[in-house]
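Note that the chains are named A, B, C, D, E and F in the order they appear, and that numbering of residues resets to 1 at the start of each chain.
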Amino acid sequence: MKYEVFYGKGMGKVKKEYPEIYETIKKLNEVVYTGKILDYRTQKLIALGIAASNCDETATEKQMRSAMKELEVTPEEITDVLRVVLLLSGMPAFVKGMRILDEIKK
Amino acid sequence: MKYEVFYGKGMGKVKKEYPEIYETIKKLNEVVYTGKILDYRTQKLIALGIAASNCDETATEKQMRSAMKELEVTPEEITDVLRVVLLLSGMPAFVKGMRILDEIKK
Amino acid sequence: MKYEVFYGKGMGKVKKEYPEIYETIKKLNEVVYTGKILDYRTQKLIALGIAASNCDETATEKQMRSAMKELEVTPEEITDVLRVVLLLSGMPAFVKGMRILDEIKK
Amino acid sequence: MKYEVFYGKGMGKVKKEYPEIYETIKKLNEVVYTGKILDYRTQKLIALGIAASNCDETATEKQMRSAMKELEVTPEEITDVLRVVLLLSGMPAFVKGMRILDEIKK
Amino acid sequence: MKYEVFYGKGMGKVKKEYPEIYETIKKLNEVVYTGKILDYRTQKLIALGIAASNCDETATEKQMRSAMKELEVTPEEITDVLRVVLLLSGMPAFVKGMRILDEIKK
Amino acid sequence: MKYEVFYGKGMGKVKKEYPEIYETIKKLNEVVYTGKILDYRTQKLIALGIAASNCDETATEKQMRSAMKELEVTPEEITDVLRVVLLLSGMPAFVKGMRILDEIKK
C-alpha cells in the first residue's frame, strides 16, 4: 500500500504507540492521493517539488526514493521538477535537490 | 509567450530599467519550462503547489490565474494540488489556497 | 464545536464541495486536540506560537481571535507566547504579532 | 540557570569572544521566559512546537532534551505538541519530530 | 536614534505596556548594529536581503523605507540586494521585492 | 571564476548532463553579481545572511567558506552578518551560524 512505503520506519512507532494518529494520517493520505482528477504520479511529483522547495533533505530523499521505486519516475523527470524549484525557490534548493538525486542514483 | 503571462506588470519595470535581468529571467523560464519530459501543464501544477505551500498569497493567486487562463486547468485539478499541500504543509496553507481559489472562481 | 470556530468560512466551501476532505480534517482536529495530556488551551497557545512564527498574518489573527473567544485567553498570555516568538523567530515576527494583537484588542 | 542549559556549547564561544552579544541574549532569555503569566513549562512547549514546525532538527532536539531534563516533560506531552505541528505544518514536520523524540528516548 | 525609525508604531505599544521587552529589544539593536567591523549601511542592506528573501512584505517595505530615509540607500542599491534574492530565493521573492520598491519610489 | 567556486561539485553533474541549465545559472550569477553599484563583497555578505537566516546548513557553510577563501572575509565580519540574523531570524539561526563558523575556523 502506498502510505506504507512513504511513511518509512518513523511511522512504525506511531502505529504501535498512537494508533489513532496513525489511522488518521492513513485516512488523510487516502483523501489526498485520490487519483481521480490528477493521477497519483502527478501528485507525487508535486509532493517532491514541495519537499525540495523547503530544503528538507530527509523528506526530499524519501519522496525521490518512493517516486522512483513505486512509480518508476526517472531522474530526468525529477530534474524537471527541480527546474521548477530553481525558478521558484532559488539556486541552493535546486543544487541540494540535484545532489540528493545524484546520491540516490549511485 | 508564456513568461509574459506569468510575470505580470511587476516585470514591466524590470524589462525597461534592468533589461539584462529581464533577459536572464526570460532565459531561465525557457530552461525551466522545457516541456520535454514533463509537459508544461504538469510543471505549472508543481509551481502552483510550491507557491501554495509557501503561504505566498500573491504568487499563489498568480499561479492559479495563469494555470486556469493559459492551460485551462480546472478548479478540481487545483484542489488536487492543494490536497498535497494539506498533507505536506498543513491545514493553514490548504485553507488559504482554497480561499484564494474560491475568490478567483467568483 | 471547536473545529467549526477554527475553520472559518473558508472551510464552508470545502464541507459542501469536498465532504471527504472536510470529514478528514475534522477527524484530524479531533486527534490533534485530544486534551488528554496537554489541555486544549495549552495546545491552542502552541498553535498560536507556530502561526506567529511563520509570519502568516491570516492564520495568526484567526488563532488569536479563536483563543480569545473560545478559551478566554488574555492579551497578556498572547504576549507571553509572542515573547517566545521573539527569541526563536526574531523581531519582525514578534512585531507583526504584537500589531495583530493590538488591532484585535481595539 | 536555564539559559545555560538551552544554549549548549555553541554559546560558549560567544560568551568568550563576544561577551556583549552573550549578555544581551541572556537578558533576552530572561525577558522571554518570565514565568509570570504563562509558566516556564508552557513557554518551553511553545518553543518546542515552533522549532519542530520549522523542521530545524538541531533546535528541535535541543528543545526536547532540555524540556525533558530541566522540566521533566514526558514523551506523551511532546507528542501532544507534535500533534499540533501535524495539523499546522504537515506530516513531514510531524514525522521528523516523532523520529527525533524516538531517538532521544532510546 | 536608529531603532526608533526601524520599529515603527507597532513598538510604541510595546514601549508603553511592556517596557522590559522594549528595553531589551533596544539593547539587542545596539548589539546588532555596532558599526565596528561592518558599517551600519552594509548591515542594513543585509537586513533588507533577509526580509525580502522571507517574502515578508511588511518587513521588506519597512527595511526599504528606513534604508532610503536614514541612509540614503538608492533604488539601484536595493535592486542589487534583490539580485542576490533572485539567485538564492527565487523569482517570486525577487518580483515581490521589485514591486514593493516600485511602489515606494512613486 | 567566481561561480565555479560557489557551485561546488554538485554543479559538476549539472554541467555535464544538463549544460543548458548550467549555462543559464552561470548567466544568472553574472547578472546577480555585477559589482557595479554594490561591490561583490557586499553582495556575498548579503548572500551569507540569507543562507544563515534560512537555517540551511549546507548553503551557509558554502557561503562562509567561499567568502573567506575568495574574498578574505574575516570571522569578525561574518559575526557581524550573524548579528543581523539574530535580530531578524532569532536565536536558533544565530547559534547555528556561529557553530558553523566555529567549525570552519578550526
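Convention: a contact is a pair of C-beta atoms (placed from the backbone, for glycine too) under 8 Å apart; a residue touches a chain by one contact, two chains touch by 3 or more.
Every value quoted in this text rests on a predicted model; they were computed, and no experiment measured them.
Q: Counting C-beta pairs in contact, does B-E beat D-E or the other way around?
A: Most C-beta pairs in contact, of the two: B-E.
Q: Between A-E, A-D or C-D, which shows the same interface as D-F, counting it as a repeat when over half of the contact pairs match?
A: A-D
Q: How many angstrom between the C-alpha centroids of chain E and chain C?
A: 28
Q: Cα centroid separation between chain A and chain B, in whole Å?
A: Roughly 20 Å separates the two chain centres.
Q: Mind pulling the chain B residues that touch 2 or more other chains?
A: Answer for chain B, listing residues that touch two or more other chains: 21, 28, 31, 51, 54, 59, 79, 83, 86-89, 91-92.
Q: Under the stated contact criterion, what part of chain D meets chain F in this complex?
A: 7-8, 10-11, 13-14, 18, 21, 25, 28, 51, 54, 56, 58-59
Q: For a test of understanding, state which residues of chain D touch chain A in their complex under the given definition.
A: 55, 79, 83, 86, 91-92, 95-96, 98-99, 102
Q: Hey, which residues of chain C end up touching chain F in the complex?
A: Counting only chain C, the residues touching chain F are 86-93.
Q: Taking the complex as given, what residues does chain C use to touch chain A?
A: Residues in contact with chain A: 20-21, 24, 27-28, 31.
Q: Contact residues on chain B for chain A in the complex?
A: Against chain A, the touching part of chain B is residues 28-29, 31-34, 36-38, 42-43, 45-47, 49-51, 53-54, 59, 74, 76-77, 79-81, 83-89.
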